[in-house]
Amino acid sequence: MSAPETIASVLIEALPYIRKFAGKIVVVKLGGSIMKDESLIARFAEDMALLRSVGVKPVVVHGGGPQIGELSAKLGKEPVFKGGMRVTDAETLDIVRMVLVGKVNRDIVAAINMHGPIAVGMSGEDGGLIEAVERNPDLGYVGDVTKINTSILDRLITENIIPVVATIGVSTEGQAYNINADLAAGAIAASLGAEKFIALTDVPGLLEDKDDESTLVRRISYEDLKKQYDANTFDGGMAPKVESCLVAVEGGVPRAHMLDGRRPRVVILELLTRLGVGTMVYSPAQPPVPPGAPIP
Amino acid sequence: MSAPETIASVLIEALPYIRKFAGKIVVVKLGGSIMKDESLIARFAEDMALLRSVGVKPVVVHGGGPQIGELSAKLGKEPVFKGGMRVTDAETLDIVRMVLVGKVNRDIVAAINMHGPIAVGMSGEDGGLIEAVERNPDLGYVGDVTKINTSILDRLITENIIPVVATIGVSTEGQAYNINADLAAGAIAASLGAEKFIALTDVPGLLEDKDDESTLVRRISYEDLKKQYDANTFDGGMAPKVESCLVAVEGGVPRAHMLDGRRPRVVILELLTRLGVGTMVYSPAQPPVPPGAPIP
Amino acid sequence: MSAPETIASVLIEALPYIRKFAGKIVVVKLGGSIMKDESLIARFAEDMALLRSVGVKPVVVHGGGPQIGELSAKLGKEPVFKGGMRVTDAETLDIVRMVLVGKVNRDIVAAINMHGPIAVGMSGEDGGLIEAVERNPDLGYVGDVTKINTSILDRLITENIIPVVATIGVSTEGQAYNINADLAAGAIAASLGAEKFIALTDVPGLLEDKDDESTLVRRISYEDLKKQYDANTFDGGMAPKVESCLVAVEGGVPRAHMLDGRRPRVVILELLTRLGVGTMVYSPAQPPVPPGAPIP
Amino acid sequence: MSAPETIASVLIEALPYIRKFAGKIVVVKLGGSIMKDESLIARFAEDMALLRSVGVKPVVVHGGGPQIGELSAKLGKEPVFKGGMRVTDAETLDIVRMVLVGKVNRDIVAAINMHGPIAVGMSGEDGGLIEAVERNPDLGYVGDVTKINTSILDRLITENIIPVVATIGVSTEGQAYNINADLAAGAIAASLGAEKFIALTDVPGLLEDKDDESTLVRRISYEDLKKQYDANTFDGGMAPKVESCLVAVEGGVPRAHMLDGRRPRVVILELLTRLGVGTMVYSPAQPPVPPGAPIP
Amino acid sequence: MSAPETIASVLIEALPYIRKFAGKIVVVKLGGSIMKDESLIARFAEDMALLRSVGVKPVVVHGGGPQIGELSAKLGKEPVFKGGMRVTDAETLDIVRMVLVGKVNRDIVAAINMHGPIAVGMSGEDGGLIEAVERNPDLGYVGDVTKINTSILDRLITENIIPVVATIGVSTEGQAYNINADLAAGAIAASLGAEKFIALTDVPGLLEDKDDESTLVRRISYEDLKKQYDANTFDGGMAPKVESCLVAVEGGVPRAHMLDGRRPRVVILELLTRLGVGTMVYSPAQPPVPPGAPIP
Amino acid sequence: MSAPETIASVLIEALPYIRKFAGKIVVVKLGGSIMKDESLIARFAEDMALLRSVGVKPVVVHGGGPQIGELSAKLGKEPVFKGGMRVTDAETLDIVRMVLVGKVNRDIVAAINMHGPIAVGMSGEDGGLIEAVERNPDLGYVGDVTKINTSILDRLITENIIPVVATIGVSTEGQAYNINADLAAGAIAASLGAEKFIALTDVPGLLEDKDDESTLVRRISYEDLKKQYDANTFDGGMAPKVESCLVAVEGGVPRAHMLDGRRPRVVILELLTRLGVGTMVYSPAQPPVPPGAPIP
């Protein structure tokens, strides 16, 4: 155990952050690769339960690309791509739903509920949560998010429940769609008026040189990141994470973060300390506080 | 269109029933075979939406045995039985969840939500809704219901949402279990203090001679039905339906019904008219009202 | 009893109307001639009780011309007319009040209260409900309505009570006045923000040829009716009914109806079916829905 | 104007009484003879308005025997008596209602509403307020009070409205009855949990020698008054007033008073000063406070 | 005891005033000289308790100049003056606080609480109630009021507690200041939206000739008083009382009064009768009501 | 700054404690000697503000013996003792009040309010908070606590205000009394249903050998401490602290602590970590949790 002085100073530093985030919504997008490691999921679940216990309102959003591929393969379903996109026929849509809603979502909910009946699983279809439209008839049931209807989330959040959302979209006529989980997560953060959006990935954050972790960008403004994004700087793995942060900040979330989900307690450290972990994207309206200034 | 006198008399008869059920909970267990017919599901969904619009609080509960068998078969998973029971290993449990939560539940929710964002899908795991314990280590993840925690259902019902529950159980430690959907449905009705429990099946109701529909039993007391059940009168298809009605009435639900889900509008007719459809099981405390007496 | 299909289709059609009118105010003006038939009053009372039981908020308004004449005659009070108007001296005013408040109002309240203590009788004097000013000193206590103070009605409606209003007016100084019941009823509907105003008369509705019931006008816009009214098309019996509908629609009530109070269940049929009964006056802002379109 | 010291001492004495009665219900029974004097009614109405303005909750109850006789006479209706009781046939009942509800009640309500829309007239029939049963078939519609249903009164009182109740009774089947106004008033006071019941009469109070006002009894316990009453000490005019006080105190009202309604401001003086006016009947549980003791 | 007619007429006159002030805030500034007479304090306390008992919301504000001088003297602290102002060093500030908060405030609170636990003592420092800034470094801890933060007062008033405020100011950094009690009292009245501000002094009111009580000014408009004040008409004792009334009326209080605190019951007489006592300062927006007109 | 792992582990340990104490009342008795060190007071004030910011409800209680002696000396007031007790005449009582309410209380309130307007000072006299009776006429205004009336504290706590209570007692007749601050603090904790009572002293806790800090007793049951206390084991400085803990635990507070107020952050460390600081007195009903067990 650490010395009392150390403990006291850590607590004295953390308490103002706890006050700051009490009652505030924090949306966390869980990346697919993180979800494959059971011990990471277990620790992540504990972090969510702890944050909730001190008044933070976490909302978890997830996709599940790798797991969809696995079940498709088992079922002998040959993936078809057009222009780099996976074509989603009715059978594929059923597989997507079964995996996201019936498997990945349940695993996350179950991990959090080890700490009490505090999480509820949802599909983006429930109560018209994630409204979507068809992107292109040639791609089948692939949709683009058009609107987030937060009323069911609002209710659960008010009741101190942690919603865990599987990113299936639904049209106003009730047709389900396979959608991009990163963008949906950023849009949910914006629509809920979240205080923070966190993309938990399997990289340390934004790297100037993607093979050199020492080139980690600690802070970047929305404008600068947008310029790089528009210039197609990012590869296929990084681009959707970057876009989800841009969508969140554009929609009014003051801060969005890309954090390394493989580091233990990374969400706790980001929320409750002055440690810089990962990359922070800040809104032009709310530039970061200089070191040493009081917490707003 | 019918004559005004006919219309007026139907309405005059129905209005007291609408008043009677306004604000009351009605739990409907949807049988697996009904769920295979899309047009039946669509009409059932419309009935739920209409009942909700006049103040009834429907709760839908479902299993999905046939659909589970289908996916298992596609995945080349050989079913194993011990003492007549399907052994549920971890892989089978994943299949059960994917089918119930990710497929059957989503189909019902989607059908109801064609009438607006009024239904929310849930697993019995959410918020510890259906608590269960392991039945027998030899059967793997097969569980028996021990307790229903209605708090999340209560919230959704209060908000005028129709909950649609997939019957997966969960232990207090968070382990999921494959459970009997009929019994879980009856137990949910009892725990919610429902006014009615309805088992929608693919038979006309309880038949004295199961090959002769003219032997339909219209009303039977809890005691009489219990005696027949204890004497093992019912075959494997009928026994769980009978047991679900017994569980519900035993738990305080005044009336339980076995109705033929293949007949159009059968739930509406049962709730809002004096027509005898299917079989009614009544509690000793609340014997049926004689014909012509005012509705209590 | 009708066939189950008939019953089901009547109910399926009626349920959306029940939803539509739940919590909405419907003001019904009872004509004097209807009130002389005890069986009509009894059935009308039952209709009000049924509508209330499914959430409609009925308000009943009545005059009582014929009954006033009867008591005057018994008391040997000679009626005096000036310019076609009955002169109302203090003694006549006492007779008007005794008949309207002490006899007609009590009879209607008593008929409704056969179904439980759900109606409360009121005079337009109570709480300054119907404010009026003297029309002409030569006519004595004859008044014109200037304002409706709905606060007491609002309270009773909120408590699920059916107010039954006798149309006596009162000045701000507390002087009572004999007023026109039809106009007062239309004004009450407008002030309460009613969803519907219904004038129950002893004719089938508006007839193009008043001696030929086949010339019934089913729908007419406010503008067209106003033009006919301004051109003095209507005789002394019809004119005040027409005017009451015009006053209601002008004051914001979307639909006003002239219905034949002698037909059984006519209010129920009008509210809960697509049957065209009597004459509907519709507001320019809310033209009638074309047949087959969904109910707004 | 009085000297400042006098004014101050009157106020200092009155303020504790105002505090004591704030929010408390005071039921006043207005005797028929008082109601014939318009200036007495006007002053009484002002007193009620003033008491209400400082938080007292007055409820006014009245009969109207003399006025019923007048209208009957005018209509040439011959009164019939059996065993000293007026036989009430249907026609007489109509006369009673017209006079009580349509005339006397309206006059009192109008007088109070000169001070703002603060009074609402009611019949004992409204909302089943005064439940009654037939006394004797030979007497026709003469009833005895069996129960008071205060729910409508409670609502009005909560809304700071002064209810003015005409004492017509009603059976559970909705049949109206002519009842004894004094007893009904005492029963209403008891059922409302009133703090005081006041019978406003045309005598100074209870007199030992009814022809000598100097023999006024200022205070008498319930037991002593009951003994005298049971011994038939009182004549036909006094007996019902005495009985109404006994009914009220028996039903839990701590103090009942017989006051001389002809004296100006007699209710104000009784409620807000230590002056002994009229006769006070006190409950055995709450004997009167000795002079000089603090007000409970 | 006075005659019943006298008593009745005093009450009839007072009741409308009681209604008028029910729920309204009345701020009373107690002058230092009044506070030295224990029997005056006791009677003042009784008046506050009585007014509270009929719904008035009194707030008491006080300084304590003479008492400060006394303790300073006892402690051998030599007063220092600069430009006519007492210099307040840290030690003096401690003396001021001890006297105002620890002695004068406690005495007033104790006197009121003789009538029940209904008063709570406060310093202007509590919850930042009286915000102040340093006037002049040469004067030490002498401050000027800049803002009143009424939130704690609002809470206590809502709970029917009489706040008793010692006029110490506090800077936003938490530094206490010695401030002018009269001005603070006027500012508190304005910030609370009081119905009346009363300065209880040891003079009869504003006198045209300060040595002749017969020259008492009964009513004066804000404008006229302001002109005289700006012309330096008033001496050192009178000027702050006048200024406190000006501050209150300027801040929206309709009436401010200078009353002679040595006269018994003077606050009761001012609030509840038409007697003119002391001097009333009225706002231009709300000129005084002419004699005989109804109370607004 | 510490390593991220250290920080994370401190936070993970502290969060459950923060949850545990959120919304709970913690009563802290500040000892007189602590109050003489301004930097200790400042740090203590910051701790109170931090705890409040994460949902803890602190209540501060204080006496002020040493400071009373100082002012008495300055005023040349000779202390008189009878049987070891200080005799409190009216003048001494005034000194006690001035010091406790006007000086010590103000200093603590001011220190906390450096962090915002979050503290309110009170005397035990306010709203009859600390009821007391005279101990012995020979001792003058020395009182014993008989009852705590928490209603004003409850209100302030509900509003997230930190009450700071000066321990003056008051009789039901309004007479103030000099009382024992330690006992009053324990009684307040018991009456408020506090989760913890903390006596901040200038010793490390309970020592077996009072001259050897290594003999600190870390945990002791109520029974054991009571036995030692009854055996007069403790000297005059320690006895009242011990008694205050006994009073609190006896009154239902599960844990009472004697902590060394000279150690920085000692309250934070006690509440939010597993560190054993000072001495814990535990109730027989709630024995301490063994190391490693989950926090209840």
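Points to keep in mind about this one:
Each chain carries a letter (A, B, C, D, E and F) given by its place in the written order, and its residues are counted from 1.
Rule of thumb we're sticking to: a contact is a pair of C-beta atoms (placed from the backbone, for glycine too) under 8 Å apart; a residue touches a chain by one contact, two chains touch by 3 or more.
None of the values given here were measured: they were computed from a predicted structure.
When the partners of subunit C are compared with those of subunit E, the chains appearing in both lists are D.
When the contact pairs of E-F are matched by residue number against A-B, B-C or D-E, over half are shared only with A-B.
Subunit D and subunit E touch with mostly matching residues; of the residue numbers seen at this interface, over half occur in both copies.
For subunit B, the chain with the farthest CA centroid is E.
Separating the centre of subunit C from that of subunit D, both taken as means of CA atoms, is a distance of 36 Å. Inter-chain centre distance (subunit D to subunit F, centres taken as mean C-alpha positions): 60 Å.
Inter-chain spacing, taken between the CA centroids of subunit A and subunit F, is 46 Å.
Listed for subunit A are no residues, as none touches two or more other chains.
For subunit C in complex with subunit B, the residues that touch the partner chain are 1-2, 4-12, 14-16, 18-19, 22, 50-51, 53-55, 264-265, 268-269, 272-275, 277. Across the complex, subunit F meets subunit E through its residues 71, 74-75, 94, 97-103, 105-106, 109-111, 113-114, 117-123, 125-128, 149, 151-152, 155, 159, 161, 170, 173-174, 176.
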